[in-house]
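Per-chain residue numbering starts at 1, and chain names A, B, C and D are given in the order in which the chains are listed.
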Amino acid sequence: MRSEDICATLKTEDYVVQPLVDVSPPKWHLGHTSWFFETFILLHHLPDYSCFNSSYAFVFNSYYESFGTRVIRTNRGNLSRPTVEEVYRYRRHVDAAMEQLLSLPISNELNMLIIMGLNHEEQHQELLATDIKYILGHNPLFPTYKEITNSVEIDFPTDEFIVTKEALYNIGYDGNGFCFDNELGRHTVFLPAFKIARDLVTNGQYLEFIEDGGYLKHEFWHAEGLDWIRNNNITSPLYWHWIDNQWHYYSASGIQPVRLEDPLTHVSYYEASAFAAWMGMRLPTEFEWEAACNKFSWGDRWEWTASAYLPYPGYIRAAGPIGEYNGKFMVNQMVLRGASIVTPTGHSRSSYRNFFHPHLRLQYTGIRLAQDIRIIHR
Amino acid sequence: MRSEDICATLKTEDYVVQPLVDVSPPKWHLGHTSWFFETFILLHHLPDYSCFNSSYAFVFNSYYESFGTRVIRTNRGNLSRPTVEEVYRYRRHVDAAMEQLLSLPISNELNMLIIMGLNHEEQHQELLATDIKYILGHNPLFPTYKEITNSVEIDFPTDEFIVTKEALYNIGYDGNGFCFDNELGRHTVFLPAFKIARDLVTNGQYLEFIEDGGYLKHEFWHAEGLDWIRNNNITSPLYWHWIDNQWHYYSASGIQPVRLEDPLTHVSYYEASAFAAWMGMRLPTEFEWEAACNKFSWGDRWEWTASAYLPYPGYIRAAGPIGEYNGKFMVNQMVLRGASIVTPTGHSRSSYRNFFHPHLRLQYTGIRLAQDIRIIHR
Amino acid sequence: MRSEDICATLKTEDYVVQPLVDVSPPKWHLGHTSWFFETFILLHHLPDYSCFNSSYAFVFNSYYESFGTRVIRTNRGNLSRPTVEEVYRYRRHVDAAMEQLLSLPISNELNMLIIMGLNHEEQHQELLATDIKYILGHNPLFPTYKEITNSVEIDFPTDEFIVTKEALYNIGYDGNGFCFDNELGRHTVFLPAFKIARDLVTNGQYLEFIEDGGYLKHEFWHAEGLDWIRNNNITSPLYWHWIDNQWHYYSASGIQPVRLEDPLTHVSYYEASAFAAWMGMRLPTEFEWEAACNKFSWGDRWEWTASAYLPYPGYIRAAGPIGEYNGKFMVNQMVLRGASIVTPTGHSRSSYRNFFHPHLRLQYTGIRLAQDIRIIHR
Amino acid sequence: MRSEDICATLKTEDYVVQPLVDVSPPKWHLGHTSWFFETFILLHHLPDYSCFNSSYAFVFNSYYESFGTRVIRTNRGNLSRPTVEEVYRYRRHVDAAMEQLLSLPISNELNMLIIMGLNHEEQHQELLATDIKYILGHNPLFPTYKEITNSVEIDFPTDEFIVTKEALYNIGYDGNGFCFDNELGRHTVFLPAFKIARDLVTNGQYLEFIEDGGYLKHEFWHAEGLDWIRNNNITSPLYWHWIDNQWHYYSASGIQPVRLEDPLTHVSYYEASAFAAWMGMRLPTEFEWEAACNKFSWGDRWEWTASAYLPYPGYIRAAGPIGEYNGKFMVNQMVLRGASIVTPTGHSRSSYRNFFHPHLRLQYTGIRLAQDIRIIHR
């Protein structure tokens, strides 16, 4: 299964640590996604299913208030047990039971739950990849995750902009497949005309911002963004290191010089927003992004938008634990659109809404610029 | 001047303290608003103006990054000097100079700046009133601010809802008078049909939420709202005290029993949002509010909306210090609409956008409920 | 009364603020010392005494666990009421009642309590003086406390050392007057021979330490001292300011250049200890100090010793609130001996033990060096 | 080697985590002690020694300011690499080189260094054992460390006290073998007569304290002790759990009911001191302990004394890194005497001084009571 492939090159020790409160240990991701299948599906729908270890509910629960006491997130990195081997045994136990379940007749409701479980696992695959990068990339020995020998061919970035005209647009999921509840409530929005960049901002463009003293020019920053860069001594994207008078970048194959033509990644919303302001532009709203996204290629970097993460019209939080999935996070976070190079195939779609606090940058976040077409005068 | 009237019943000591990082000492408000006139108007536009005390720039500056080092906000409550009397002398000095300036011919640009300064002072009058309430309401002696003998006649609240139809609406300031830059960029939004309450939520309605265990029912709360109420042991609105088996409320005339028919006030966005969810409803967006506000009366309580504080289309941060006024705060805050009982007359308008972090409740914040008319099914 | 004399030049506002958790607002000191007389003496011993305001117990209690809930210390600076005028009225009320009590026959036990109350007030007079210095000395306007026109004649400091021979010495209070319980338990200690400086370390000597990079030389510091100077960016004594390429010092009469021959003051135990190590010497123990103190003059600066604050043999904590006076603080603090220029006349004696956490330096603390006479070889 | 024996039953994952800032991951202990031999001995004294991995200095250095940047202690639990296997390989590399060195002629100075390295490793063996207990004992699965089938025969505790007479005693190390520098400076102290308990306080005695509400009786506690128990909700010794209406204890073989006759362990200095006060007694000073320790048996529990950790007369911090070993910690800590059940054989002696901050209780700490013989009257 893909989750385990992502971990293929890890040492046992790499599965255990939690160097940041926003990172989870890989073995926790592996255990948690199986716990999700066990708790929401197997215990209710597979007759005679035997729970692998009832105390795992305590260890692998995440944010689900509906289930008793939760382990506070900061503690995940303190738990040496269950061991990695036990977690893999747990996964095999759950996988086998799921196979058994799938050989039985499946109701529609159950089918929905299974699809939900798979999508949940795909989300954690993405997190697994970024959390592993954080774990290895913050080790002073800078271990290699995977040798990447053939560099990906990338199209040389352009500075073209795509014009989108003023109109009513429909926003939200519109198909018959799976989507998360936060994409539902398809609705109409009115958008004034705008321009949006065909390509993502590159390392080279961002380097100009750095060299122009962009991190010191308060006029381009949010007040809370300034506090964040000052309190944390932020002067470059995450994983950038100034070595031998040159910017380097920690990637899966170790430390290497920054390639100027590569798309920029691992910046916070604060940095994305300040960079756009420095360019005399702005970030697109999530509605602009969705309205225009069929005119450019996307999927390499999660793209920060200028939209706060809020419910669509008509959004209703589902009852029970499933209802905790998205709605409870709809405050103080910004929307990202698109997908990234570690997003599982098939997991992305144009209506997909990801979201992070504005200071986070573990994800492969990037910047696509936008601009108003007519400036409102006064 | 009205700012000084607000302070008329204060003791000297009340001007000095800062019991919360979000509160400023009254003497700071008084000094800061005069400093604003001195710095942005008098020093540039009144020939031969003599600066009262050049070190005041250090003390009374607020968040303007453009001006050297700022006093960090938490330190305002440590400064016993300048004394209250000196601050009043400073105000008289600045007021006299402003009168002199107003006797001279005034350019359009200067006129705009003066209007800006007056509106800035009005904003601080509102803050003064709420900060004084916080200072006195958190003193164990619960001092009286002002005896209020004749209770205001209030219309008995109804539970009527006003229906607003699906349409395109124009949002933003549209007149010829003064407005803040965050109201500009008048633009069109498409709104689905919705219902909005004619009256504000009352203390009695909120008490039912409390008595139903609303503060313990996680399913109605944002995850960060839950953290906030748990970490701060929040179980009721600010200024509510459980005394002799009855809820009491600290008001300008001291501690008194909560009156059930009064509009609820001093709740955070988290509480407002949880209450609305408990009612099976929601808060209106700021666009819905503006589209419907001519059909109900408002102005008693600042009303939390479901909208994050973000720029309107076409918003451009002005150059220089004036540009720091609003744009730099456009992240992590929620919009309030309307006005409150301590808003200076003439300072409110239907396009006015106030904003606070979701956990703050020093302001006279209230709740107006809204609801979708058709639920989106799937 | 002397407490009020100390405050004679204060503005009302100066009485209110608390710029550091270890500082109390002057009005709190004034109220607290009267509360002490009221609570421990008047309420029990003056028939028909009428309590001034029963809620003052809540405001002016300090650390006495025996009396209900205490106001946590950090909150003292938030209380604008009672006003300064009310506090003075409270003091006159208590003073009048004390005079009335003193006109009645006094039991021995009551006499002891009164003497205790007076000594308690003297301790707070010392704190008042240092806290006022901190309040004014941390105001960016650097207000003058008192013009000092005639500089004190000081003996030019020497670098002489006094030799004290190996012997048994008696330590602890030995007279018939008042002393605190921590001085009791007169007992014998055996001391090896040692040398102790006749004079205190001067500013000039300490400046050499600074200029030699003493704050950067880890080998002279305790590990926790290093953490303290690094986390707080400490590079000089408190109240020293580097202005116009010269060290200045905030004193009662404002900012003035550091005088090299003056005794050093306002250093922490960590700094005192590091300086002594840099000199190749050490601080004296409190026993050495007491054994030798009749051979040098003291009383200008509280002198850090190398002794932790611990009970003497036979120490017993008194029952009830009085017992909380000293014993509960006998951990994590270092002993100071002597007295300082703000110690009330008659309050000092050679057995007096003051104590502070090793990082504090609001007091007029100084350094007297000591040295072993024979080095133990191995 | 014994260090590795201690880890014999661990899973790889147990070597990695750091659940508390005062705990180090077992693999860090293993790497650090080998690094000590490599850095202070092999690199200087074994010709042609090849450093295993120069970046290990960064990872396995501890508190030695003399060696470049140190990894702050909180980060040790974030490092998944070097792996456990690599650490063991490192140990074999260093062990082999040490064997080679030992086959060469050894100077006296080198001999001293080697003995120092062995004693350093023994100290870490003790820490290893306690840190492992903390890691496993704070895992919700409560893993077994080692099955202990045959319970140790223990002598039934008595309540006898041993009288020690007033006299001059010699304190400090007096032999020809190895000792740490903090034991040197053998010196004379004068001690009044005192009584000291023959046996350690038992669980049963401490349970009476708990059941009498000892944790709530402020009169027995230091002020900072009260803050500590309140802020951390401390109501029993570490590793005690209230399960099924009975006190249980986490031991090497898992959770088991508390045995009343066993010696109490895992209490802080604050708890030890409060318990002694509740008994109407006190803790012995380290001098009393050393003067009397040949009259009782010890070595099961580290015993808290009433003495702060300070240098003996004549103590001199050695130059260079070795000098950082002890002297820099001589502030804010209390002395423990004796040894514990996890102290390596031969590592203890009557002059040995251990030390911890007063709130720590990971060690097998215990209580031996003492009492003055004559109470000083006044």
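Everything that follows uses one rule, which is that a contact is a pair of C-beta atoms (placed from the backbone, for glycine too) under 8 Å apart; a residue touches a chain by one contact, two chains touch by 3 or more.
These numbers come from a predicted model, not from an experiment.
Participant: Interface check for copies chain A and chain B. Shared numbers divided by all numbers used: above half gives same, below half gives different; which is it?
Facilitator: same
Participant: Could you please state the distance in Å, as a whole number, between where the Cα atoms of chain A are centred and where those of chain D are centred?
Facilitator: The mean C-alpha positions of chain A and chain D differ by 45 Å.
Participant: Express in whole angstrom the distance between the two chain centres, defined as the mean CA positions of chain C and chain D.
Facilitator: Each chain's C-alpha centroid was found; their separation is 35 Å.
Participant: Averaged over CA atoms, how far is the centre of chain A from the centre of chain C? Could you give it in whole Å?
Facilitator: Centre separation, chain A to chain C: 56 Å.
Participant: Going by the touch rule set out above, which residues of chain A reach two or more other chains?
Facilitator: Not one residue of chain A touches more than one other chain, so the list is empty.
Participant: What are all the chain pairs that meet the touch criterion?
Facilitator: A-B, A-D, B-C, C-D
Participant: Over in the complex, which chain A residues touch chain B? Could you list them?
Facilitator: Residue positions touching the partner: 63, 65-66, 168, 184-190, 192, 218-219, 221-226, 269-270, 273, 277, 282, 306-308, 310-311, 313-314, 316-317, 319, 323-324, 328-332, 334, 358, 372, 374-376, 378.
Participant: Please name which positions on chain D make contact with chain A in the complex.
Facilitator: Of all residues in chain D, those touching chain A are 11-19, 27, 55, 58-59, 71, 75, 77-84, 135-136, 138-141, 143.
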